[in-house]
Structure formats: C-alpha cells, structure tokens
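Report on the structure given below.
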Amino acid sequence: MQLIKTTKDFAGTDILSLQQFTPQSLKKLFSVTAKMKIIAKSAKPSDILKGNIVTLIFYEPSSRTFGSFAAAVKQLGGQTIEIQNPQQFSSVAKGETLTDTIKVFEAYSDAIVIRHPEIGAAQKAAEAAFFVPIINAGDGVGEHPTQALLDLFTIYEHTGTLDGLTGVVAGDLLNGRTVHSLIRGLSLYSRNTLYLLSPGRLRLTRADFSLFAKSGVKLVEIAGEKDIPKDADFWYWTRVQKERFGDIAEYEKVKDSFIVTPKTLADYAGRKTILMHPLPRIGEITAAVDNDVRAVYLRSQIRNGMYVRMALLALILGKIH
Amino acid sequence: MQLIKTTKDFAGTDILSLQQFTPQSLKKLFSVTAKMKIIAKSAKPSDILKGNIVTLIFYEPSSRTFGSFAAAVKQLGGQTIEIQNPQQFSSVAKGETLTDTIKVFEAYSDAIVIRHPEIGAAQKAAEAAFFVPIINAGDGVGEHPTQALLDLFTIYEHTGTLDGLTGVVAGDLLNGRTVHSLIRGLSLYSRNTLYLLSPGRLRLTRADFSLFAKSGVKLVEIAGEKDIPKDADFWYWTRVQKERFGDIAEYEKVKDSFIVTPKTLADYAGRKTILMHPLPRIGEITAAVDNDVRAVYLRSQIRNGMYVRMALLALILGKIH
Amino acid sequence: MQLIKTTKDFAGTDILSLQQFTPQSLKKLFSVTAKMKIIAKSAKPSDILKGNIVTLIFYEPSSRTFGSFAAAVKQLGGQTIEIQNPQQFSSVAKGETLTDTIKVFEAYSDAIVIRHPEIGAAQKAAEAAFFVPIINAGDGVGEHPTQALLDLFTIYEHTGTLDGLTGVVAGDLLNGRTVHSLIRGLSLYSRNTLYLLSPGRLRLTRADFSLFAKSGVKLVEIAGEKDIPKDADFWYWTRVQKERFGDIAEYEKVKDSFIVTPKTLADYAGRKTILMHPLPRIGEITAAVDNDVRAVYLRSQIRNGMYVRMALLALILGKIH
C-alpha cells in the first residue's frame, strides 16, 4: 500500500485505505475535488475520461456507492463495465479465485473499483492487478476510503480548514467503520477535539480510545446531549442498531437520546454547525430536520462523494496533475 | 402534478400521469416524437443529451420498458445509471425510505425514471426530488403514462388524427391498465367511438363505463367478433388471463373468441385497420399474424415507445423547445 | 446460417457458429483484430461505433464473456443495453417467447449479443431478428464461436500461421465444447497435428475421433505427459471435473497428471510453446505458472477475446470493410 505524498504519486496508485494519505496529498485531492464540482455543475460535458473504461465489480450490492462511482465515471465522459454479484455468475460460482477474476477484468479496463464483503479483498485485488489501479469501495469491516474522504472534504468545504475543529460524533462508536475512519483522518491535522456520544455498551473500546487519543485528536466522552459543546463545527451522526443490545429494555431507555429532531438542533447546535450522516438513515434523524440549512447529509455530503470519486479517478488515471 | 399546456411547460416537469396532458401538449410531444424517429434512424449520432445522466431505478423488473428508456437516453448521446431491484441492495434493504433513496440519486443525475410495484410511488418520488424531473415508468396498478403516450402516438401516426376514430378494444377491460389509459387519452379528443369486446366477467365496471362515457368517448359493448365494425381504425388487443376466472369451464368457453388469427383479421378487420397489443403477448395473437402488414405490435408500436421516451427526455431536460 | 467467404459477407451477418468461417474470412477477421489491438492500446478514443447501440442479453450469467463484449462495444465508442437474467423479468417470466423478446430488443439496437443455456437459442434469435445481426455468446452445449475465434487468433498471433502446427489438447475431451471447436477450427487448415491427453473415460468418443480425423487434422492420443512432443506450438489445457467420475478413486489416480506446474512446463514444454486455457481455471494450472512468459491464459488470450469481439462488431455493423 503506497503512501501518497506528492501530486505525482496519484497516477497509477491503488486507493485502498485512508492511511495512504498525507495532509499534502489531501490538499491536492480536495483542490481537484473543488474543480470537479464545477465540472459536474457545468452545462458543458467533460471529456476528461473519454475513451477510459472503469470496471465496477460489486460482490456486495450498495446502490449508493455503486451509483456514485458510476456517475463519477460518466460525469467525466468515461464508460463503465458493471458487474454485480459475480459470485452468482458462472466463473466465480465455479470456484474462480478473486485473483483470476481481477486479472480478467484488468484486461478489459483502465481501473477497477471493487466492493467486497471480506476484509482485505481490495488489497488482494491490488496485488492481482499488474497494470491498472484498484479503488477500494468498501471491504467488509475493513476500509471504505472514499467515504472517509468525502466526509473530510465536506467538513473542509464548510470550515475551510481541517485544523482546530470541534466535532461531535454520535451513535455506535464501537462498530462504526465510518466513525473510526473520520477520527483517523482528523488525526492527520492539529488541535482537533471530538466529543463522543454513545450508549455505554457502544463506546469506543479502551484500546481504540488510547490509540486515537495518542494519534493527536483530543477525545472527550460525554453522557448526553446536554454536554454537547455549543458551536461545534460539525455533528457526525450514526445509527444505534437495536440488534446490538442484548437487552431490549436497555435499548428502549437510550434510543431517544440518539434521535436528532429540530428541537435537538435548536437546543444544542450552533448556527454554523453542519449535521452529517453516512447514510442510510433509518430514523435517527427525523425527516423534519431535512430542510434545515445545516443538514448536509442528503445534499452536499452525497454530492461531495461523487466529486471526490471524480477527482480520484482523474488523478489515478493520470488525466489531471 | 402539473398540467402541461404549452411547450415551455415541459422543461423540468415530472411526467407522472397521462392526465397531465392536453391536446395542445400532446401535439407538441408527437411532433418532437416524429423528429426523434428521424434521429434514431439516422446514421449520424445525436448529442442532444450529451453530458446528461439519467438514473433508471427499477424496483420491479421490466425488461421491455427498461430497455426502451435505456435506448432512448443512449440514442440521444446521454448516459444512464442503472439500478435494478434496489430493495435487495443494502441501503434500501436496511430500511431506507423511498424519499431518501430518490434524494441520493437526484444528486447523481439530471432526471430519474422510476418503476415501482406500488401505486403512488412515482408521485412520492416526485415530491422527494427537488432538482430533477421524475418520469413514472409504471407504478403498480397506478399509471404508466409513457405506455399510454406511445399507444396514442401509434394511432396518430397511422391515421393522422386523434379525432373521429373508430377502435376496438378487446380482452380484459376490467383490470387492464393500458386500456383504461387509452380510453382516457382518446377522451381528450372529439367524436371517438370504441367498441368493447370482453368476456362478461371482465367487462368495464359500470362505474368506469359511466365515467368514460361521460368523458366524451362513445362506448359500445359488443358480444362477439361478428359485431366488430368493418374498417375500424385500430384494434387494441389485450390478454384474457385464465386466473381471472373462478370457473375454468367458463374460461374454456370464451377463450377462443379472444385469440386473433389470420382468419380473424380476414373476416373482421379493414384493409387499413392496425392491430395493436401492449405486450407481452402470450398466445392471444398467433404468430401467423405477425407478418401481416397491419400487425404493428412488434414493429412500430415498440419503436414508437422509444421515440416517445426520447422526445419526453429531450423536452423535460430542456434540450428541445 | 450464412457462410462467410469474402469481406463483404460480414456486414449484417449473424455470427452463430465457427462453421460459418473459411480460411479467407478468418484471415480478414484476424487482420481487423490486429488493428483493434492497436485501437484498444491507443490513448486516442475510437468513435468507430459511436451512435451504435448493442444489446447484451444474457439468459445465463457469464461475467467474463459479458465483460468482454461490453468492453468491446465501449472501446469502439458504442453503447450497450444490458439485460441480465430476463427470465426473471416480468415479460419473459409471464411466458413471452424468445422470438418476441428478440423482436423487441431488435427495435432498440443495432446488434444483439445473446447468451442462453439452451442449444439452438442463438439460431432461433437470428430467425426472429429481421433487421439486426445476432452474435452467439454461447448457447449451452452448442456453440460459442467467439471463444473459438479468440483461441485461433491467439495461436495465429503467436506462430504467424494456422498451418502445420503441433498442439497438445488436454483434460476433458469428451465434454469440452471449447476443445471440439478448436479442433474444428484447425481442420480448416493443413498439416496440423494434435496430441490428445485425457483420462480414459474422458477421451473423445470414437465417433468424434473419426469425424475430426477425417476433417484433416492428425490426431494422436497419448497416455501421459511423457508422451508430449517437445516443442509443441501450443498446449490447450482444460479442466478434469471430479463430478465426471463415477469412482472417486479413479479420479484421485489420474488428477495429478492433469495439473500443470512449473515442473511440467520445464520437463515437457518447448521454449516457444504457449500455454492456453479457456478459463475459469480452478487449480489445473497452479498459480506459480502464471508468471511464466509462455502462460498466455490470463494475458493475451483474455485480451484477444476483446479484440476479436471488437473486430466482429465493427465488421458485421459495416463500419470496417
């Protein structure tokens, strides 16, 4: 897994993990992302990826991530080969290895985006592909770097910086992959403070807490909404799943503290706080919140995902330097 | 649901129901449809939708309608994001609302075509989408406006008018959505007469009969093929499903009256009568009829579906005025 | 099924079987295929199929063949309509005939590629389509002509000829469709010798043996690797499936003779022998062999499949003469 330090490091590089990025390469990526936003909103079609073919191979369906990558390729005038659930297809069903499958699709395309339920699958795909770069679109409980990148870009676009921020991270912090990635991303920068709000049994493990704290982000566990600092730069909300509780009574007791309503925003958010969510949202933010200008989960956060993916594709395919 | 009266009403408008149309807007649509036919048949590729992305989200598979919309977008140089059976995909499977799913795909595309098994789903999608128009590609027993539009265009192309026509509508008139739409469409015009041929238990309800009769179309129920008027402008045939009969003996008694053979055409159709069918056809028109020049169901009717969809897309995306 | 003898015979012709080809038309096809390789490797996008729509209708999933055809269309700037498993779609599920389905998709596209589990399905599709050519992408135990063509092209590209070759064909020769096609293809040329290596119960039937021998290829059945002639031009390896053996002990006894390892190559292959496999490969060639320069199955053989399909599409759509 290659560390991306300078601009020229993007071309041909597999994007497997947020850990490949440095503040310098993130700055470059986000500057290209901002340009992509202009291209996507422009009436003039882009031909940046004209003649390029990107394979989207999804061993596990994800309509949102799939659609976002497909749109990113097509916004730039490229084309896709779309393979969904290849494990139900004959070759893979017959027992073909992931390595062979990737080598086959490498012959057809200029880049491969892979989603897979097993941790490490993207890394394995990257080892199989000699000639074309791989993008990890989520490998089980492993990494989902483009989600982390779009979250960081959304905060960056809003605040103009990734240093010295105050954020609230709420919900299932024990299992939440997106939350862990966000903390890791912010730890690349200085003087960030995160307030952690979760049911007792869904707190960060003590090992993760120490690890993240050591990495440079200040972490503060809080007991309820009333401890949320006024004027946080962002709230990052995630779901508390009933299934995680052995005891339903315990779930019933806490669940209302993890539902954002207009009143929650009115009572605890600042005027400029943005409310983020990785989606899908199943009820932990009520629909009445959607039209609040601070709610970005169904608006800029989704769009930013497409822009960040456009930027990554253009960079790793060497179309932008 | 916005009524489309003038040309400029098309741009940005959701297409949810045949009831949005007026004779004036149908005239505009059909004139653009005729141009689309020329574009589709031309060797020169069109770039009318170049740079445009249309999401096709089909909660219920329909290979014919799906293929027709995909071809319509691509004939005009546009691109698609294709999502089939999202209810099996993770976000929707996890319980994401239709509203949230539509808001996500709205961020990726310039228009959304939705097919859904539940009545009202397209209307709901239109309420969810702030920025892009929705096209209803069928919502259960609700509406399927592009089917109705292609039927009307096929008749119009053949006869040069939608006034003063004589048609025969046969088969299951009780449950047939396409038949009801056709009657409704023709009721926008003057002096049309429809002869209705169906088994007794599959007649229009008396309520529907009154409603349609009041709307301006003259309806005449007939008892058998021998009552078909010579020289009808069109026959619109639909299927009589065995499952609709409680008593199989009753089905066996009537079924042969609802199968079109070359003899049926020879005996009862005029020289210029066209034979239409919404497809799929499972045996109610025998294969021997296919090569009759009057049989348009596998030829111009299918192609017209693509042309009408091209015209609608170009109009609602503001590419043609 | 039309025999393709001259260049002009390609335009508009269905590609259903290897048996349509002559040495003359193969020479033309392979010369266009070589050009397609240059186009695919060029940075400059091709517009040879711009404005053309090709329907890929796969009644049986095959990720490799599907991806190869999709890439072939898109490499040439064309677009696809992709229909997977239409038998689960409403029209076909309701009982629509293959004939009607093909007539529908013919209305939307300039060519149709069909994969179907039943022998004869492609022929049936070709009879249904009046206006557009059909390409058979495999019809059950029937034909899979583009696989045979890519195999022949791979040998031709390597040796510069299809006359006077020595090859080894190994594995399941009783059931192997690709093997039978390869023998048939080589029988169009002169002085070819094939050494056949298979377990006793998976030998060619005596009828097939006589038939192929009479067609002009010299066939020599051998008992084990030690009988492989030094300096064969190619080895064509296929899988020996456990399920084909009634008696597992018998399978265990022979299976190791049908696994290619680096030692097998070192002991029996020539310096210029190429090792081919139709894929998927499930273990009958070990991964350690992959990096041997003579192993072409995951490299040029796969790519050649895309180039041959590009050439066929350009030829039958009349874009190259």
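First chain written, first letter: the chains are A, B and C, and each begins at residue 1.
FYI, a residue touches a chain if its C-beta (ideal position, glycine included) is under 8 Å from a C-beta of that chain, and two chains touch if they have at least 3 such contacts.
All of these numbers come straight from a predicted model, not from anything done at the bench.
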| request: Indicate whether more than half of the residue numbers at the chain A-chain C interface occur in both copies; give same if so and different if not. | output: different
| message | For the two copies chain B and chain C, what rotation in degrees overlays their C-alpha atoms? Round to the nearest 5. | response | 120
| Just curious, how far off is chain C from chain A if you go by their C-alpha centres, in Å? | 41
| said: Can you pull out the residues of chain A that are in contact with at least two other chains? | reply: 82
| message | Per the contact definition, I'd like the list of chain C residues that touch chain B in the complex. | response | 50-51, 53, 55, 79, 81-83, 86, 88-92, 94-96, 99-101, 103-105, 107-109
| field | Contact set on chain A toward chain B in their complex | value | 43-46, 60-64, 66-68, 70-71, 74-75, 77, 82, 279-283, 287, 298-299, 302-303, 306
